[in-house]
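Let me begin by handing over the structure; questions about it come next.
Naming follows writing order (A, B, C, D, E and F), and every chain is counted from residue 1.
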Amino acid sequence: MDIKLLKEINKNHLNCIVEVVALLVEVKVRTTKTEKQYADLIIQDTSKKMEVKYWEYEDNKQFFEGLGEATVVKIKGMVGEYQGQIQLTCKQIALLDSHEVRMADLIPTSDWGLDTLQKGLRYFYDKVEAPHLKSLLDQMIFTEEYYERFSTYPAARSVHHNFYHGLLQHVLEVLKFAYTVATTKKLTTRQQERLIVMCFLHDWAKIFEYKPLPTIGFTEEGTMLGHIFLGAHKSMNVMEEIEGFDHEDKLIILNGILGHHGKLEYGSPVLPKTVEAQILHHADCISGDIESILSFMTEQEESEETFTSKLWNMGTDYYKKGR
Amino acid sequence: MDIKLLKEINKNHLNCIVEVVALLVEVKVRTTKTEKQYADLIIQDTSKKMEVKYWEYEDNKQFFEGLGEATVVKIKGMVGEYQGQIQLTCKQIALLDSHEVRMADLIPTSDWGLDTLQKGLRYFYDKVEAPHLKSLLDQMIFTEEYYERFSTYPAARSVHHNFYHGLLQHVLEVLKFAYTVATTKKLTTRQQERLIVMCFLHDWAKIFEYKPLPTIGFTEEGTMLGHIFLGAHKSMNVMEEIEGFDHEDKLIILNGILGHHGKLEYGSPVLPKTVEAQILHHADCISGDIESILSFMTEQEESEETFTSKLWNMGTDYYKKGR
Amino acid sequence: MDIKLLKEINKNHLNCIVEVVALLVEVKVRTTKTEKQYADLIIQDTSKKMEVKYWEYEDNKQFFEGLGEATVVKIKGMVGEYQGQIQLTCKQIALLDSHEVRMADLIPTSDWGLDTLQKGLRYFYDKVEAPHLKSLLDQMIFTEEYYERFSTYPAARSVHHNFYHGLLQHVLEVLKFAYTVATTKKLTTRQQERLIVMCFLHDWAKIFEYKPLPTIGFTEEGTMLGHIFLGAHKSMNVMEEIEGFDHEDKLIILNGILGHHGKLEYGSPVLPKTVEAQILHHADCISGDIESILSFMTEQEESEETFTSKLWNMGTDYYKKGR
Amino acid sequence: MDIKLLKEINKNHLNCIVEVVALLVEVKVRTTKTEKQYADLIIQDTSKKMEVKYWEYEDNKQFFEGLGEATVVKIKGMVGEYQGQIQLTCKQIALLDSHEVRMADLIPTSDWGLDTLQKGLRYFYDKVEAPHLKSLLDQMIFTEEYYERFSTYPAARSVHHNFYHGLLQHVLEVLKFAYTVATTKKLTTRQQERLIVMCFLHDWAKIFEYKPLPTIGFTEEGTMLGHIFLGAHKSMNVMEEIEGFDHEDKLIILNGILGHHGKLEYGSPVLPKTVEAQILHHADCISGDIESILSFMTEQEESEETFTSKLWNMGTDYYKKGR
Amino acid sequence: MDIKLLKEINKNHLNCIVEVVALLVEVKVRTTKTEKQYADLIIQDTSKKMEVKYWEYEDNKQFFEGLGEATVVKIKGMVGEYQGQIQLTCKQIALLDSHEVRMADLIPTSDWGLDTLQKGLRYFYDKVEAPHLKSLLDQMIFTEEYYERFSTYPAARSVHHNFYHGLLQHVLEVLKFAYTVATTKKLTTRQQERLIVMCFLHDWAKIFEYKPLPTIGFTEEGTMLGHIFLGAHKSMNVMEEIEGFDHEDKLIILNGILGHHGKLEYGSPVLPKTVEAQILHHADCISGDIESILSFMTEQEESEETFTSKLWNMGTDYYKKGR
Amino acid sequence: MDIKLLKEINKNHLNCIVEVVALLVEVKVRTTKTEKQYADLIIQDTSKKMEVKYWEYEDNKQFFEGLGEATVVKIKGMVGEYQGQIQLTCKQIALLDSHEVRMADLIPTSDWGLDTLQKGLRYFYDKVEAPHLKSLLDQMIFTEEYYERFSTYPAARSVHHNFYHGLLQHVLEVLKFAYTVATTKKLTTRQQERLIVMCFLHDWAKIFEYKPLPTIGFTEEGTMLGHIFLGAHKSMNVMEEIEGFDHEDKLIILNGILGHHGKLEYGSPVLPKTVEAQILHHADCISGDIESILSFMTEQEESEETFTSKLWNMGTDYYKKGR
């Protein structure tokens, strides 16, 4: 049976065998009254979460040991129903290499489309003409070592852009907002190119601060050192290897990365000391705030209340009418 | 002698009679040792401040009584020098109706040009298609009663956009930034039109909060009630006279005006409760912050320091190299 | 059987039919094992909450559709007992117009008595002699359009004066405290009259910010615009229709309404700019704080602890001994 | 010549000898070109400050040694004029015992009149009937040891009630405000009596925290320990000597004294834990705030501005019209 | 059977009678279906908590009335098992005088050992040579009245040093840290001795602020007045009874006690005004912070996470690797 | 004449020629009435500031061009007096290489002595036994490239340790305080060694953040990037070049450097995440606070007041008696 999404499984499939590909996000081992162990699994894709019973757990313990926090599995199982909910009884379970599946089917993904995202990236990259700046972007982003991560990581753990390609979409938003300000306020070409580079790099180190999706969480390095330090550290090292990298550009770009949270109390160890750095900070804020409001309102669309509940990072509730 | 700007008067004119048009910004009455009163005047235009001696003060006291805080005068005077500074001895002084002079010659003025500003305004006005919103803009802005003020007032007393056409330029910047965000984040047409209206109106009441240029300062109404209240108050009254004004639009636009300072502690009595209101708040911030940095750096261009002094509203100094 | 309050129903009435008037505050529709729908109702008056079973729900669905959030009903029912609690089985249920009942029987009500409250109001009203101020009070309060609401609404959603006639009692407290300060500090008559007017009007717009009791909650207008703006807005419109309303009085009274929360971070868009406004702010604080402590201590009277739990708006616990 | 106030000395007295009684507030020793020492004195009374030349300084050095910070002197001198200002040349100078003069002539004094102040004190004292509370007041206030100080000290160094009898007037204001709240909110008699005692005692230790007028400043004890600790310390010692002093009253009154600044950040080591303590805190605030606004407005009455300058402790300027 | 610690009771004792000494920390009275009352007790020692059934409750009610919050009992009972947990059925229960048991067996206790603690105390006591300071310590600490409490009380209710001898250990840590700073920074002998005294006394009044262990909680006096006031109050009284107690030492030591929380918002009514007071404040902070981190990490040692959960008083999580 | 310190020059030298070595800290070019340029110089050493007239400025302009901010000069001049102050008239002026003078004669210097400081450094260095940690210290501190700077730079621009060898003394204080805490709290050897390394490195990058003494001020790099980032950046690079540098040690040491300001609002981009990092933060605070109080009190020793003026970074005044 050709099942693409978990939500496609319905009562018509009762007692049929189906095969699904999904994320295995929870394994709870339980004991029957006869002291036999079995497992309650939870699997999910973008469409739904579903419970799976796995009675052969005892025979297959070693499969579950050493599983990462969120793994892609292929499950063959019998469709059943329990308290009105569709649930599977697992017959076979196997790991899938994450390259065999489209991540976008399994976890929330940017709705801009990878193609649009990549075109946008190229559009701004092409605006940078100074060779040392171009070289900096080449080595930090458009290189085999980092590009895969940079173009798939999320930009936050929760609240905003916490989805596949999230970092990419966020960077692009920041670029668009910042560039509009830069041209409106007639910054020099040098300032504009520098600002573009700063937008590209400001959250770069989130690719080391977060664990790769579908896992959600910080790395040890991320918690102990943070993306602000890690990004400026790597950028400085790359700059120093580019021959003749302009000293003022170096200081300004590094200050921009260090200062992009805008205030010490938000984790920037220095304040933005240039107009470019201040624009970057504002563009970053807007991208985060607006996305978090929009995704929160989507989440709460179905409740009947006139206002959403309080969105914690914004400190207020939102009016749901009038759209 | 054909003098256009005060700075054109130099040592070559010593002992010549010149005629200048300038703002009279200070009148200090003094007494000679022989107990005769005379006046030390200060006049200014965009190029310079200059001292003027007026020995015939006693014969002409009534001229000075009842002068406003900053008046346009035509002065015929003899060029002299005192402690290395050019100074005038006034022979004749006369009021000039402010319509007889180009304000841009006398006070700092937006460098965008009125034409550009007006085209920008029209560009965004044309994007608003909903008749009730168009009607609101017509009655608040594009009406004889307010247009003159709206298009000439400053947007702040100091720090940013504190110049002729300053409000107009600020509103246009806010519109550009907000509109870029709105389209990037794919807001609905209804949201976009509402946002444009909110940008137009958010600082509208500054035309009552400030005294008209060249005077710089608050009106009594401005200090006691503030432009946030005054703008929402007037907007609500106009909305209620427009037949069938959509109730949700009304609440959202008024909340946007009331909430555009973004936080209670910045003087907004309510928080922004919609995504439009939040975008307006951010766009307003950026326009103010970036203009205040840029104009401050221009002011300090000539000092030899690597960094500016501390810009009080931003809480930091700025790096002057690299532009 | 003549039942006045729910708490009068006791085990002596078991299996009797009683008739009660109460607020219907919750309707939960449930399904029996035989798939028949019935309703679990909760009703309450000032004395008690009580559960009511309504087995005929399916036959009477349309009665429950379109019910407001808290409605007055007359119920005829059989007294039963379940797990030690008295409960009714509903035989008949009917809506009651809220005018047919004394609200004070159904919801918490000021213990000052309406008569006392109204005398107090009159006492201070009579102290205002300036015709334009008297006229302002006449049109804002002593008019058919608003008096009913003004004299019955609560002054807060929770914490203090959140009961029937709460706004009235709060206004009267504020008047008493403010007037004592004004006379002690020898304010001029003009200042005193203005202060009285400001006390009357400061929370006026709570009659639009809150839903009418017994419902507890904000209106859309209330959440989006707030009582501070709404009150000043309405007051300004009324003042402008009163011929020759003194301009200084207008600014001072409006500033007092706008500033009565005392600080920007508490939602006042401008600070109190006169001694009257500052007195109003303090009197408002005291009335709220003291009532919230007293009602909280009453609530916790029965616990055996020496101290109350922490009262969230005051940030501390209170000592219960020594009264 | 019968001079009562310094401001009475005018040009008509030029070259006459006058005798004045005033505070000597500054002594600057200077040297003439011939290396002879003389003194420039400044004296003041409630009406004016005046300069006095004292040429015989060298012959009279020991008079000036050991003078306190502000001493009452009788000066016989010749009236002169210097740069348009009346000034004296001292012929004789002598100390005056502070009991020989009416302090109210020399330093700013409460305009309530001592009689009114004392009647007020008595009025509230008489409301306290519980013997242990009466005894506490008797020993802390109505005793030879402290009464003189308590009835003449100021209540602050600047901003409010910083005048002769200032503490007395402040205590009376606090009593009036607090008592109005207590009766309006129907506190028990026990609570009311306790509240009266707390009002009497809350600032009691200012008589040890400040130096006696006309000196203005803190004692060492005052700076190191503060009136909050000193007052509670003394009160606790007195209570413990009163036989059978109620334990709850003791805790509540001491908590009231310790907590009367209302928040930890204002110097209270504990928060107000009773309704009486919270009333005391508010009444104390109002008395201070309102007096500081009123006296500041009086000070600035003569400037032509519509608004005062900013009053630092209140954080804002005040509107001067409309009184 | 010789049971020392609750954790020694295991399945081997099933159905045996054991005798244990433990703290009785909870008594819940319940009713059987046959309406007979029995009690569910909870007892604990440092090793474990355990449930105890007491069926003869009705016959022995008076035993439980008037029990304090945590009492030492000797229980003879039958070992049973319920849902996999060892539990006792009580046969006999009796109070034990707290002097009959070693508290360290029943509640968490400093792991420094009483001997080490006392030697440390003596070490610093011996450094104080000035007789009036020695006398102050003698009367406040080394006196029968207080020594027992001072050497057994905890230093906090939770977070840090909340164990038997906790205050003693905390005082010793503060002494060590402060003394290192004092000698490194070359303070005078007089300053060093004073600092030692201040360290000894700063938290002295915790012996009145807290209830004695094993009870955990504040006394009424503690909540209403706090240890900062109580400690300075007592110290001042003792100082005033010591003949010729140096006045400067008195002010400095009292300021040190009052100021040891370092900031007004942390409950100090005055700021530290000497270098000794500032050192005391820092040493107190470190002792508290470091102990709270260490004990929190010990608590969370067994979880598998790389980081602890968030430690509320420090506002962050801690890295558990690398020790 | 053998002059060592400027303060040795007195009235006995009037009209003599002296030779002095001092810092040239100010050059003001002035013009005589005859339009000739001359220079007013200010020179200083640790003992005094002194004015110097240099009449031959016009002949020697090129000498002054290109002088750094504070240069060591040898001046031969005539001793004169002006308005009671000793002043020189310069006859000859010459640059001195800073290696020809003992800096300690010219600028304030640690009073611990270089020998003591170096011994202290060695003492703690020897406690580190882990080879990778030792290697880190060797490359960061005990290397020709950095040791000179590390051992002479100040630790702050003002307030504390702003003198020659200031950084060295500060690091040593931090080591002493931190080590006392670590041993008292029984940290493991591994933790102790890591803590020592963190103390050594925490302010390391001040040698790039500040300009070298006698100049006082930030470098561009210092203002734009800050010593927190620069220090962690360099340390991370060095660690990565040390083969097999323990990963946990790396994270913990870098977190310690990044977190040593203790709170985000003080410029740390991450919080201290280990007990070592928290100890470092406290030890750093104490060293800075106590030194700033002590040096401030020394500065104000001579004023007659009982209290110092307010020390801005501590927010209070200090009691000067009792030492």
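Of note:
The rule we apply is simple: a residue touches a chain if its C-beta (ideal position, glycine included) is under 8 Å from a C-beta of that chain, and two chains touch if they have at least 3 such contacts.
Predicted model only: the values in this text are computed from it and were never measured.
The chains that touch chain A as well as chain B are C, F.
Counting steps between touching chains, the shortest path from chain B to chain F takes 1. With centres set at the average Cα position, the gap from chain A to chain F is 46 Å.
Distance between chain centres (mean CA atoms), chain C to chain D: 44 Å. Residues of chain C in contact with at least two other chains: 220, 223-224, 251-252, 255, 273, 307, 317, 319, 321. Touching pairs of chains, sorted by label, consist of A-B, A-C, A-E, A-F, B-C, B-D, B-F, C-D, C-E, D-E, D-F, E-F.
Contact residues on chain E toward chain C in their complex (touch as defined above): 220, 223-224.
Every residue of chain F that touches chain D in the complex is listed here, in rising order: 306-307, 317, 319, 321. Of all the residues in chain C, the ones that touch chain B in their complex are 220-221, 223-226, 228-229, 232-233, 236-237, 251-252, 254-255, 258, 264-270, 273. Residues 173, 176-177, 180-181, 184-185, 188, 190-191, 194, 246, 248-249, 251-252, 255, 271-275, 278-279, 282, 285-286, 289-291, 293-294, 297, 307, 314-319, 321-323 of chain D touch chain C in their complex.
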